[in-house]
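There are structures below to look over.
Next, two complexes with chain A in common: one pairs it with chain B, the other with chain C.
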Partner chain A sequence: MYDGGKILFGILIFLAFVTFPFYNDIGKANVKPEPKIDTPEIQKLPQKKCVEPKAFMKAEHMKLLNEWRDSAVRDGNRVYVASDGKRYIISLQNTCMRCHSNKKEFCDKCHNYAEVNPYCWDCHIAPKEAKIAPKEAKNEY
Partner chain B sequence: MSIDRREFLKIAGASAIFALGGMAIVNDIVKDNLEASQFSPEPGALTARKWAMVIDMQKFKTEDDYKKVINVCNSIHNIPDFGNPKDEIKWIWTDTFEHTFPGQQQEFMPESLERMPFVMLCNHCDNPPCVRVCPTKATFKRKDGIVMQDMHRCIGCRFCMAACPYGSRSFNWRDPRPFIKKENPEYPTRTKGVVEKCTFCVERLAKGLMPACVEASNGAMIFGDLTDPNSEVRKALSSNYSIRRKPELGTGPNIYYIIGGADNA
Partner chain C sequence: MGALFSFVAVILLILLAYVGVEVAGMQPIFGIVIPYAAVLTFIAGVIYRVIKWGRSPIPFHIPTTCGQQKSLPWIKQNKLENPSSSTGVIGRMALEVFLFRSLFRLSKSELRDGRLAYGSDKWLWLAGMAFHWSFLIVLLRHIRFFATPVPSYLNLLESLDGFLQVGVPRLFMTGIILLLAVTYLLLRRFYIPQVRYISLTSDYIPLFLIMAVASTGILMRYFFKVDIVGVKELTMGLVSFNPTIPKGIGVIFYIHIFLISILFAYFPFSKLVHMGGVFLSPTRNLANNSRMVRHINPWNYPVKFHSYEEYEEEFRKKMKDAGIPVEKE
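Showing the complex of A and B:
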């Protein structure tokens, strides 16, 4: 093999570059997003419970929100009967966000982590919090 | 291998039964988590078979009377004010007799009528051309006659604006958020690139309230069920002569105007 040394050296440098992200993260804990629910409204609740059980909300809230949207806007049915029989007014701004008034600590925590950008807030008004970062405030196309 | 008719029918029948059975099983497994029965209308909601409005122009006397109904709509629905007519968003607005009822103006009509501003809003037509042309069904007609706009589906093609003969629809050329004087946190804003219009205040009807303009109009605007002979609108229509905007187009507009008798004649 001609120039074997140089080739091997080159391969080593290449491997070092390619695997950089892996050994750079060794030992660092992967910070899981932990959405916070410590808002005044939620603290007031006798039983800290969302419209449906936590596991369902965690996995299916986007589907639930879509169903809510279609029901309220298209069918005009604005009351949701939860699986435990409780009734809720269907409204993102007035029902969901009344309790979860901490959008940045609740919605954005996971959405940013998962790099998803739901366009809810292009139109729906987020609860007033400390100033929204300019990057989020702009809703560009 | 040959197959006779009897064999063929047997196989075809068996596979049909098998396929249908399979569908039922699949439907059972892939059931949606949410059932339609989990949704219901609000208990105190106002309902009708066909909502309509009568606008009694005799009762609009001062500039303030117009401002009241327009401002209340603008403020509760987060309607922006861009300060220029090109970008204007309007749900309820005014214009002259000639522009409101084109073709019905006369050369020698009362001057008061000629100069008077007329209140206009979406006519919630029986046969809405905007609904017919919408490619995404973003705009649709509800069972109670209200022509609704689903902002989630609107792609901003503006076909509806071309179709509407009343100019009831406005397009958001720019992000409206910075131009809303005071946001109503209970109602959404719109985003750049969608069309919007009057909704007959569906969100208020759902709570059992009359549309905001009707409430603010001091009886100049009457709202009710056109199919109910005892409703306020029917009473107003049966005791007054009324006209509608461009009825000859066949859209079936549901806003009726009482132009007036003694004062304007």
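Showing the complex of A and C:
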């Protein structure tokens, strides 16, 4: 081979790039996320269901949230009529997060796993969770 | 003809994946076996091609140049267009690889009022840049399916790509640019007569294939949602050599991964391997130093020569007898 050193160096760089996903994941656990829905509010519900069926929410929740945002913020309409005719108040914090108060165990589970970084919390205040104990919070004042 | 054949071939590939997954239920074949085979073919094939090029001798020193060569000290050398050192060659190659310098110089000629006129033609360069760079970014964005956690610079790339915040999931600009650019690259083969004339099936297949890959990806992200957690389970299983097929991933995912597998497997055997070839083009990667360094043709064999001394040694007596002057008595 002519210029063998240079060519082998090039091949090594190529291999380093192409096999990155393989060696990057050595020894890292690949655990499927299980979003939890066992919040006190959900436990109180007589029938555990979201505003729309689970399959729809799983695939389209981001689209629904986007529509809710446009409806509430741009059109001033805060009433959502679900596919089963039930009415809900359009509000991330007061409707969605009232039941799903466990952002870390619910939203973040799948989002972190799939590396999705939604920009909900650029504007909304993320719910305070048990991690910050009320006692500690008081002490700060 | 070549275009039609390629188009039908890609449609058949899509149908094959659809029928294979939806009717025959061969998820393990399309989700595990074919991707592994494709990646293996890609890596082995590219290395094979590069080594094969490396073994080809370069009989002549043939850099193409388009600037003032290194000359007298008071003549300014164009160090990038006519490099005489390795640094210059690296600069020239970097311009070529990252900015497609030689394509930027493309000109077109046409008859105007019976006279031949030349003009610059930057559209191919522009579409080529848009296509290659957005393809690279799209590829890098996909690392999120193959790593947990994703390196932070990739998150930055993703947030830049989606910074327009159009819709949810956020619209990625590169996906759209990729599709538009590849469409331009296809249309120019249809509408520019000279380009159409020289276009072959092997030119159309990658274009239609990449178009199909990009379209299925865009459809999957924005329209026909798939179970993304399931997809990541599958892809992470692949890269950790612990493959699984989670239930309930939409068929469009299998079509997407099948098409990209075909693209990867086809890569080393097609024009696409210019990814490696650009680095091994002797017209670009040689320094124009043929007046300073002698280039020896590697296939030169040792020539058997007969020097004058040896000649005289052999025929001295006969030369003397014939009265021919000799150097050594």
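Methods note: the second predicted complex is superposed on the first by the 99 of 141 C-alpha atoms of A that agree within 3 Å, B and C clash if a C-alpha of one lies under 4 Å from a C-alpha of the other, contacts with A are read in each partner's own complex, and residues count from 1 in each chain.
Going forward, a residue touches a chain if its C-beta (ideal position, glycine included) is under 8 Å from a C-beta of that chain, and two chains touch if they have at least 3 such contacts.
These figures come from a predicted structure and were not determined experimentally.
**Student:** Check whether A:4 is in contact with chain B, with chain C, with both or with neither, and answer first, second, both or neither.
**Tutor:** second
**Student:** With the two complexes superposed on chain A, say which partner A:37 touches: chain B (first), chain C (second), both, or neither.
**Tutor:** neither
**Student:** Quick check on the superposed pair: does A:125 touch chain B, chain C, both, or neither? Answer first, second, both or neither.
**Tutor:** The first partner, chain B, only.
**Student:** Which partner chains sit in contact with A:76 here, chain B, chain C, both or neither? Use first/second/both/neither.
**Tutor:** first
**Student:** Contacts for A:60 in the overlay, against chain B (first) and chain C (second): which applies, first, second, both or neither?
**Tutor:** Both partners.
**Student:** Which partner does A:89 contact after superposing on A: first (chain B), second (chain C), both, neither?
**Tutor:** It touches chain B, and chain C stays clear.
**Student:** Can you give me the overlap between the chain B contact set and the chain C contact set on chain A?
**Tutor:** 60, 63, 119
**Student:** Mind pulling up the chain A residues that touch chain B in the complex?
**Tutor:** Interface residues on the chain A side: 56, 60, 63-64, 67, 69, 71, 73-82, 89-90, 93-94, 119, 122-125, 127-128, 139, 141.
**Student:** Which residues, counting only chain C, touch chain A once they are in their complex?
**Tutor:** 39, 42-43, 46-47, 50-51, 54-58, 143-144, 146-150, 155, 158-159, 165, 167-170, 225, 227-229, 232-233, 236-237, 239-242, 246, 276, 279-280, 298
**Student:** Any idea which chain A residues touch chain C in the complex?
**Tutor:** 1-4, 7, 10-11, 14-15, 18-22, 24-26, 28, 30, 32-33, 58-60, 62-63, 65-66, 110, 112-119
**Student:** For the complex, give me every residue of chain B touching chain A.
**Tutor:** 33-34, 37-43, 45, 78, 140, 142-144, 148, 150-152, 175, 177, 183, 185-193, 202, 206
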